[in-house]
Amino acid sequence: MIEGIEVFDVLVVSTAMFFIGIYGFMVRKNLITILMSVELILNAVNINFVIFNKYLYPDMLQGYIFSLFVTGIAAAEAAVAIAIILNVYRHMKGIDVEQVDTMKY
Amino acid sequence: MERFIFYFIAAIILVFSVLTVSSRRILRAAVYLLFVLLATAGFYFLLNYNFLAAVQLTVYSGGIVVLIVFAILLTAHLDHRLPKPNRLKAGFSGLLAVTGLVLTLFAISRFEFVRSPLVTEGPYNIEEIGTRLLSYGDYGYVLPFEVISVLLLAAMVAAIIVAKKSIKND
Amino acid sequence: MHTDMFSYTVWIPLILLAAFLLVGLLSDKLKPLVAGLISTAAILLAAVLAYSAAAGYFFGAGLQDGHYTTLIPFEQLWLRFTDTLVIKMGILLDPISVMMLVVVTTVSAMVHIYSFGYMKGEKGFQRYYAFLSLFSFSMLGLVMATNLFQMYIFWELVGVSSYLLIGFYYQRPSAVAASKKAFIVTRFADLGFLIGILLLSYYTRTFDFMTLTQPNSGILSSAAGVSFMGASVLTWALVLIFMGGAGKSAMFPLHIWLPDAMEGPTPVSALIHAATMVVAGVYLVARLFAVYALGAPAALEVVAFIGAFTSLFAAIIAITQTDIKRVLAYSTISQIGYMMLALGVSGYGSEAGLGYTASMFHLFTHAMFKALLFLGAGAVIHAVHSNEMTDMGGLRKHLPITHFTFLIAALAISGIPPLAGFFSKDEILAAAHGHYPLYFWSGWFVAGLTAFYMFRLYFRVFWGEDRQYEHKPHDAPPSMAIALIFLALASVVVGFIPFSHYVSANGEPYTTHMHWQVAALSVAIAVAGIGLAAWMYLRPGTVADRLAAAMPGLYKWSKNKFYIDEIYLWVTRTLIFKGLAWPIAWFDRHVVDGTMNGMAWATAQVSEKIKGLQSGQLQQYAYAMVLGAVAFLLLLLYWGA
Amino acid sequence: MDRLSLLVWVPVITMIVISFFKDPKKVRLIAAAGMAVQLVQIILLMLAFFAERQAGNDAEMLFFKDIAWYSNLNIHYTVGIDGISLSLILLTGIVIFTGVFASWEITDRAQEFFITLILLATGVFGFFISLDLFTMFLFYELAVIPMYLLIGIWGSGPKEYSAMKLTLMLMGASALLLVGLLGIYFNSAPDGGPLTFNYIEISKIHLPEAVQYFFFPLTFVGFGVLAALYPFHTWSPDGHASAPTAVSMLHAGVLMKLGGYGALRIAVMLMPQAAHEMAWIFIILATIGAVYGALGAIAQKDLKYINAYSSVSHLGLILFATLIFNQVAFEGAVLQMISHGLITALFFALIGMIYSRTHTRNIYEMGGIMKVMPVLGTAYMVAGFASLGLPGFSAFVAEMTIFVGSFQNSALFVRVATILVISSIVITAVYILRAAAIMLYGPLRKQEFELLPDARWYDKVAVFILIGAIAGMGMFPNWLAEMIYTDFTPMFNRFIAN
C-alpha cells in the first residue's frame, strides 16, 4: 500500500505504458523493436495484475501469481520470437516487418 | 515519501517507454527497455512484493533483455540507425494510441474501485507462493502452473528447432 | 342373380394378357409361326367366350322384367383413393359392352388370321403379334370397364398399343413420326378426359357407371347445380370427357392423327383405326349416355354438332385423297362422325333413343365393312406394293376375291340395300331428321359423298387400265382370303339384326320401323354418288381433272386437308417448341442458372477484391485490431452511458 | 441390436469389409453381396411390419427405439418406422442394390467408389429411420456430402464445376434447414419443460404461429432445394449430367426424395398454420416447376439433361401434392416419391449403359439404337412409358392419386394449379417420345454402332429388377397405397387438429 496513491494513479501509468507499446508495435519496422514493444505491453498488464491484487483483493494471490505466469510466458515468447527473428534474418537478409509478408492471401 | 518514490518511478517508466519506441538506435532502445523493466521492479519493491520484483529483475532484465541484446548484435550493426517511421503512419498510430488511452482512462476513471478493507502487512513469503502454485484446492494454481511449464518446454524445444533448422538450411 | 354364370368373362381379357406376356417376353425365342399361333389361339378362344357371353346375355340372363340389366360378374378393388372414390377392376355386361365384345373379338380374330399372310416374313413378327394381343386385351378391358377410371386406364393402354403398332416399322421415320403424333394428340385429348373424370367424380363422389347412369338417383343434380362460366359443372365435365372421346375417335379438330396412323401395317389400321379403338369415343359417350342425356343436354348438342361437322368435313377431304388408306381413314372419320351425330341427336328412352340405337348399330356394321375395306386395301397393297391410287388400275382381273369382297364393302358403306350400311345409316338419318333437319340434310349429303369417294376409289383401283406392276399382282393368300370372305359375309347379314330389340338407351327393347322416305332419299343420293363416280372415273377421260380445275380453291383446300395439319405444326413447332420450350431452356440456363452462377461469380469477385486485406503486413493487422478495439470501447462507453 | 439400426450397420459393415480389398472385381462382389443382404433385410422388415400391423399393433411408429446420446440438448438416437418411411426404405434398398450393378464396370478406384456410394446410402437409410430432427439432419448431411466426391472424382464432363455447384447449393439449403430445425427445437416446448428434437413429440404440440411463419419457409425451402424446388433446381441438370451412373440413380432416385419427405414430414406436418397460409407461394413455385421442367426437357439434347428436367417436373408434382393438405394428396406425394425414384433410377441406369456403349448422350448423334440394342431400347421405352404415366406402371398410380387428391380441394386457385400440373403429363409424353423417336427409332445413324453389344447380365439384373418393381407397383398398387394412407392417418389427424 502506497500512501496517497490510488488504483487509478497506477492505472494511468500502466495504461500509458500499454498504449506506448501499442504505438511502438504499429510504428516500428524492426522486428526486434516490435518485440520490445510487446514486452512493454506485457509489462503494463503485469502492473495491472499486481495493483489489483494489492489494492482490491489482498487476501488472494491471483494477481500475484498470474503476473508470475505472464512473466514466464513473456520469457518463452521472447525466446521463440528471437529464434524466429534470427531465422527470418537468415532467410530475408533483414528483419524489417514489411518484408515478412509471405503469409498473405 | 513513498508517494514521491512512486511518482519518480512512474516518470521513469513513462519517459523510457516513450524512448524505447522512439529511439532510432536499436541498442539504445533495448537499454531504455531495460530501464523500464527495472523501474517496474522498483515499483514491485515499493509494494512489498519482493519475490515478484526479484523475478522481474532476473527474468526480464536478466533474461529477456539480454536475449534481445544478443539478437540485436546478431542482426544489426551497432552504429545502424533505424529509418524514420513514415510520418503519416506514425501520426495515425499515435492518434489511435492516444485515442485508446484517453478512452480507456475515461472508462477507468468512471469505475469505482472498491478497496479491500483488509490491510495486508508485509510481503508474502515465498513458501506461501510455492504452496499456492502447487496446490489443488481453492486458490491453488497447479493446473496453470503445469500448463506453463509445458509451454516453456515447448518454447524451448521450438526455439532450438527453429534456430537449428535455419543453420541446416544454410 | 345371374352374374355367376358370366364369371368366366373375366378370362376374355386375361387370356389375351397372358398371350401378350408370353409372346412379348419370349419374343425372339419363339418361332414366328408359333408366336402367331399362340396369339391367334388366344383371340379365337376369347371370341368363343365372347360369343357365348353374348348368346347368354341377349337370349337369356340379360333380359329381366322387360329390359336389359347391367351385370357385374366380377369386380376387384384395385386402388383406393377415398372411401367412395375407388378404382375397381371389373367386368360390366350390358347390351353395348356385350356387343363391343363381339365386335372386338371378331375383327381382332380376323385380323390375326389375315396377318399370317400379310405379315409373312416381316422382321418382328413375334413383336407384332404380341402387340396385337396387348391391344385386344386393352380394348376388351376398355369395353367391359365398370367405372370411368378403369376405362381411362385401358383407354391409355389402347393408346399405347396403337402407338406401338403404328410405329411397328420403327426404322421408317414417317412411321415413327406418325406414331408419336397419334400418341401425343390423343394424350392431349385424354387430358380433357382425365380432368372431366376428376370434375365429375368430385361432384358425384363415384366413378362407377352403375351409379352414374342410374336415371333417378339424383346424383347428378348436385353437380348440375354448380355452375362455372355460364354452364353447369356437369356440362363442363361431360364436354371435357367428350374431348377425350373426340381425340380417340378422331373428331374435328383432333382428327389429324388418324390419317397419319395409316403408316402402320394395314391389318392394324383395320383393327385399331377402323373398327375398334377409334370408336372408343363413341362407346364412351354411349356408356355415359344417361349422364349426358339427363344431366347435360347441352353437352350432347356439342357432341351432335362436332359429329355432324366432322362427318361432312372428312368426307370432303376424302374425295381428293389419292392414298387409298388415307381415303379410308377419312372415310372412317366421317362415319364416326355419323355415330357421334346419332348419339348427339338421341333422347333418353326407348323410341326416343333411336339415335342411340342407330349409333350403336352403325358402330357394329361399320366395324365389319370398314375392317373389310381396310383388309381389302391391304390385299391390294400387298399385291402392288404401293398405297397410291395412281399406281393401281384394272386389278379386278388379278385379284378376284379381293375385288368382290371390296365391292360388297363399298356398297355396304354407301348404304345400298340390303347391305349392312343401309340399315344403320337409315336409322341415323331418321334420328337426325327427328331432331334437327339441318343435321339430316348434312348427313344425307355426306351419304352421297361417301358413295362417291368410295366408288372413286373402287373404280380407280379395280377398273381402268393396268399399270406397270413390279410383278404380276397375285390375289390374297388363303389366310387373308378367309378373313375377307368372313367379313364380307358379315357385311351382308348383320344389317338384318333387329338391333333395337337388343340395344336401346334405357335398356328396354323396342321395334323400329323402316323410314321409307329417308331410305329412299339416302339410296337415291348414294346411287347418284356411285353414278357420278362411274361417270367420272370409269371412262377414260379428264372429267375429274377438269372438275378440279373448275374449283381450284376448294380442290386445293380439300387436297391439303384444309391445312389443319399445318396449323397443328405451326402450333407445336412455332408456338410450343420455338415459343415456349426453347426459350424456357434458354431462360433456365441463362437466367435462373445464371443467377446462381452470378451469385457464385459475385462471391468470387468480392473475395478477389477483399483478399488484399490479408496483406501479410503484421502492422496493418495490428492497426485494424486496435482500431476495432477502440471502436468497441467507444461503443461500450456509449451504450454503457 | 435393434432391427432398424441394422439398416445402418449392414452398409457400414459392408464398407469396412470393402476397405480390406483392392481388386475391383472383389470389391463389387462384396458391395453387391452387402446390398443384397440389405435388400433381403428390408423385405424381412417389411414382412415383420405387416405382421405387426396384422396383429393389431397400431402404434404410429413401429420398431421404436430410443437412446439418448447427448442428454444436455436432449438429442436422442430415436428410430422407428411407419408405412411411409418403410416404403421409402424399400425404394432405397432397391435403388442402391441395382446401383451397384449399374456401376459394375467401374475399375478406377473401385474400392473408394463403392465405399463412398454405400456411405451415401447409409445416410439415406439413417435419414428415413430417424425420428429425431438432429439425428435426421446428421444423416442428411452424411448423404449429401459424399455426392461431392462421387461427382468430382468419378464424374464426367465439367465435373468439378457440377460437383461444386451441387454441393454449394445443397449446403446453402442445409444452412436454411439447420436454422429451421433449430428454430423448431427451441420452440418445441412453448409451455416450458425440456426442449425436444423428436418430431413425433413436436407434432403433438402447437408451435407458436409467429415461430411457424418464420421457420416454415426456411424449412420448406431447405428441403425443397433438394427436391428441386423452382427456382433452386439448377444444380440438378448439371449435377446429374456429370455424375456417374449409380450416383445419378441414387441421387435422383432417392436423395431428392429426402427433400420431398422432409418437406412433407417436417415442414408441413410440424407447422400446419404457416403451411396453410404460405401454401400459395409454394404451390405456384411447384406448379411452375412441374410445367416448366417438362417444357424445358423438350428442348434438351443430352439424355441426362432431359431426365434431369423431367425430375424437376416430377418433383414439382410431389411438392405440389404436399401443399394440398388432404390425405389422398399426401399419399400421392409419397407414392410419387417411390414411383419417380424407381423410374428415374431406371432411366439413369439405362442412360449410363447406353452412354458406356455409344460414348455420347446427345440424342441427335444416335438413332436406330433399338435395332442394335433391343433389350436396352425396349427397357428405355418401358421407362419412358412408365414416366409418362401409362397405366400398369407406378407413375400412373402415383399421379392419379395426386390428381384425385388435389381435386378434392375445390378452391379455384388450387383447381387451376391442378389442371396446369395435370397438363404437364402431356408435355411429358412429348419429350419422352421425342427423345425415343430420335434416339431409338429410325435408321441407324452411325455405322460404327452396328457392332455395339446389347445388355450384359449385370445390366439386365439392374434393369429387370427396376422394371419389375415399377410394374409391380403399377399393377398391384393397393397394398402400398393402403399402407401409406393408413399410416398417414394419425399424422393427418394431428395436422387437422392443429
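So that you can tell them apart, the chains are marked A, B, C and D in the order they are listed, and the count of residues begins at 1 in each.
Definition applied: a residue touches a chain if its C-beta (ideal position, glycine included) is under 8 Å from a C-beta of that chain, and two chains touch if they have at least 3 such contacts.
This structure is a prediction, so every number in the text was calculated from the model and none was measured.
If you compare C-D with A-C, the chain pair joined by more contacting C-beta pairs is C-D. With centres computed as the average of Cα coordinates, no chain lies farther from chain D than B.
Separating the centre of chain A from that of chain D, both taken as means of CA atoms, is a distance of 60 Å. If each chain is reduced to the centroid of its CA atoms, chain C and chain D end up 37 Å from each other. Separating the CA-averaged centres of chain B and chain D is a span of 65 Å. With centres set at the average Cα position, the gap from chain A to chain C is 94 Å.
Chain contacts: chain B has residues 89, 93, 96-97, 100, 104 touching two or more partner chains.
Residue positions of chain D with contacts to 2 or more other chains are absent. Residue positions of chain C with contacts to 2 or more other chains are 619, 623, 626.
Chain contacts in this assembly follow no simple pattern; the graph is neither a line, a ring, a star nor complete. Pairs of chains meeting the touch criterion: A-B, A-C, B-C, C-D. Residues 611-612, 614-619, 622-623, 626 of chain C are the ones that touch chain A when the two sit in their complex. Residue ranges of chain A in contact with chain C, taken from their complex: 22, 25-27, 34, 97-98, 100-105. Residue ranges of chain A in contact with chain B, taken from their complex: 1-13, 15-17, 19-24, 26-30, 32-33, 35-37, 39-40, 43, 46-47, 50-51, 54-62, 64-69, 71-80, 82-87, 89-91, 95.
Of all the residues in chain C, the ones that touch chain B in their complex are 619, 623, 626-627, 629-630, 633-634, 636-637. Residues 89, 92-93, 96-97, 99-100, 103-104, 106-107 of chain B touch chain C in their complex.
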